[in-house]
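For reference, chains read A, B, C and D in written order, and residue numbers begin at 1 within each chain.
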Amino acid sequence: MSQKRTLPDPLTLIVFDFDGVFTDNKVYTAQDGSESVMCDRRDGLGVRMLKDEGIEMFILSMETNPVVEARARKLGLAVQQGCDDKAGFLAGYLQEHGIEPATVIYMGNDLNDLGAMKVSGYAVAPADAHPTVLEVADLVVAATGGNGAVRELCEFILKSRKTQ
Amino acid sequence: MSQKRTLPDPLTLIVFDFDGVFTDNKVYTAQDGSESVMCDRRDGLGVRMLKDEGIEMFILSMETNPVVEARARKLGLAVQQGCDDKAGFLAGYLQEHGIEPATVIYMGNDLNDLGAMKVSGYAVAPADAHPTVLEVADLVVAATGGNGAVRELCEFILKSRKTQ
Amino acid sequence: MSQKRTLPDPLTLIVFDFDGVFTDNKVYTAQDGSESVMCDRRDGLGVRMLKDEGIEMFILSMETNPVVEARARKLGLAVQQGCDDKAGFLAGYLQEHGIEPATVIYMGNDLNDLGAMKVSGYAVAPADAHPTVLEVADLVVAATGGNGAVRELCEFILKSRKTQ
Amino acid sequence: MSQKRTLPDPLTLIVFDFDGVFTDNKVYTAQDGSESVMCDRRDGLGVRMLKDEGIEMFILSMETNPVVEARARKLGLAVQQGCDDKAGFLAGYLQEHGIEPATVIYMGNDLNDLGAMKVSGYAVAPADAHPTVLEVADLVVAATGGNGAVRELCEFILKSRKTQ
């Protein structure tokens, strides 16, 4: 794990990209064009632990695909899909809900996450994110997307809360 | 393989967590929300070898998912699903069946297995279990979950029986 | 990345093999014989970036399988399937459309791509291509098939255009 | 690749185990209990090259599963399934067809292949076969099951034929 800045305090919201964060950025395409993705059960347990702490979270995805919704439902997370302009959506959301950007974590992995990373106060990336994303990120977890990257962030947040 | 204590003798029961033990802790989510998991044929052969020795085994899973039942059926193992309190269930099961905890192996990989690991006399973990689980385990096999971890335990048990 | 010759200039067309280029050359076979393949979201973003630059691209595949068509549709790429003689098809295509072979990139990974690699002016291979293909290729990207090989080529093309 | 003895000459038949040879020994279990397996397109091309040379081949599998049949059909190979006693079946087959065991290659990866390996004149194993199988094998290819192990054997056979 490589950390440039301390976590937001207070932390009011975590926004996750889906592909490459909850997955290894792969998609399984079947003959009928339907898609599947690989997720990690560890991440599910991590999300549950943060929910028990009362931390708000949702998923923001460029893809419009029922598979994102299916996994989000299992995780008990809200999801905003088909979002070509993630930065614009996120900026509007924060303003509408009166959320201070400095209290928001955004976790993403590819070039189309750069805007949202700037809008939020704290950017997190999995270890296998795009090189440009890794440069920009305030925190790069040791795990790769779909292989415990979300869980690692969850445990890091919980640990930092306990040591306060 | 890293072993802190010798195997239970006699050994009357092996209880397996499913995700992260029989699988690599991944889940494949399809558009309709249905899930698939990846298992290892080697483990199937290992379970069969232990059954031929007359060793009792079952699967104890927090997830309530037909995929666990489907794989358990193929392995010929009973399964207890949707078990949020694994430790409580296991303690009750052992008492009800008059099974001495010291003769029971529990194999699990994540934080929600810690309780059941304490209830049973002997805790086994795959090599890629959660760090806290690895610390607690009496035996950590060299293989990771879904990649022969169960088979390795099965062969280790069979080998230790032959050398007695 | 290992490069023997500079990229075609001008570049008018990129032809991609599918299996082993957009995928890791694996196929998931279900009980009913239907097939699925694993693709990389990064490649999808790369293809989109090249399309934004107006570069022509299509997929040329020996397999006749709806899964290739399904993925091509998602990528927004045309596809020529069931092509046992890729070299012959490609030569005819270039002649028919009056395309100079020296301005064409072909990306492939196995022995049945060698002919098409010679027909086109510039051959690209993923890092895990067949040894004979690696020898013939003008450019071998660092990434393996299905793990960002296409994306790496896309970014390399875009970068070379910007530095001109 | 590690070779103890030269290939059979003449070579009249190749018998393949399925799981762990054409696959990485994994099985994907869906909620309805249906199974999928991951195969390698390279192996398909290798099998095709051997068929062009007129070499007889079939698949011998302990599993009774339509997925084996589905993949075998795609490869154009005959398949004998549900074979609990592979050695007995193979011995009977060779006798019935008047095939000299010394001219037969068997490729397998686990303990239930040991018998058939002894019945045939030449045993081949993928690099990730069971340690006992690796000891017994006359040839261990460098590739693992489902990752080009079959293709490597095919190319090795073709190369040895050309150099004769």
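Operating definition for what follows: a contact is a pair of C-beta atoms (placed from the backbone, for glycine too) under 8 Å apart; a residue touches a chain by one contact, two chains touch by 3 or more.
This one's a predicted model, so the numbers in the text were calculated from it and none came from an experiment.
A.B. asks: Quick check for the class: compute each chain's Cα centroid; which one is farthest from the centroid of chain B?
C.D. replies: In terms of C-alpha centroids, the chain at the greatest distance from chain B is C.
A.B. asks: Using CA atoms for the superposition, what rotation angle relates chain A to chain B, in steps of 5 degrees?
C.D. replies: 90
A.B. asks: How far is the middle of chain C from the middle of chain D, if each middle is the mean of its Cα atoms, in Å?
C.D. replies: Centre separation, chain C to chain D: 31 Å.
A.B. asks: How far is the middle of chain A from the middle of chain D, if each middle is the mean of its Cα atoms, in Å?
C.D. replies: 44
A.B. asks: Mind pulling the chain D residues that touch 2 or more other chains?
C.D. replies: Residue numbers touching two or more other chains: 28, 36.
A.B. asks: Name the shape of the chain contact graph, picking from line, ring, star, complete and other.
C.D. replies: ring
A.B. asks: Given the complex with chain C, which residues does chain A contribute to the contact?
C.D. replies: 19-20, 25-33, 35-36, 63, 110-112, 130
A.B. asks: Going by the contact rule at the top, pick out the chain C residues touching chain A in the complex.
C.D. replies: So the residues of chain C in touch with chain A come to 28, 34-42, 45, 65-67, 70-71, 73-74, 146.
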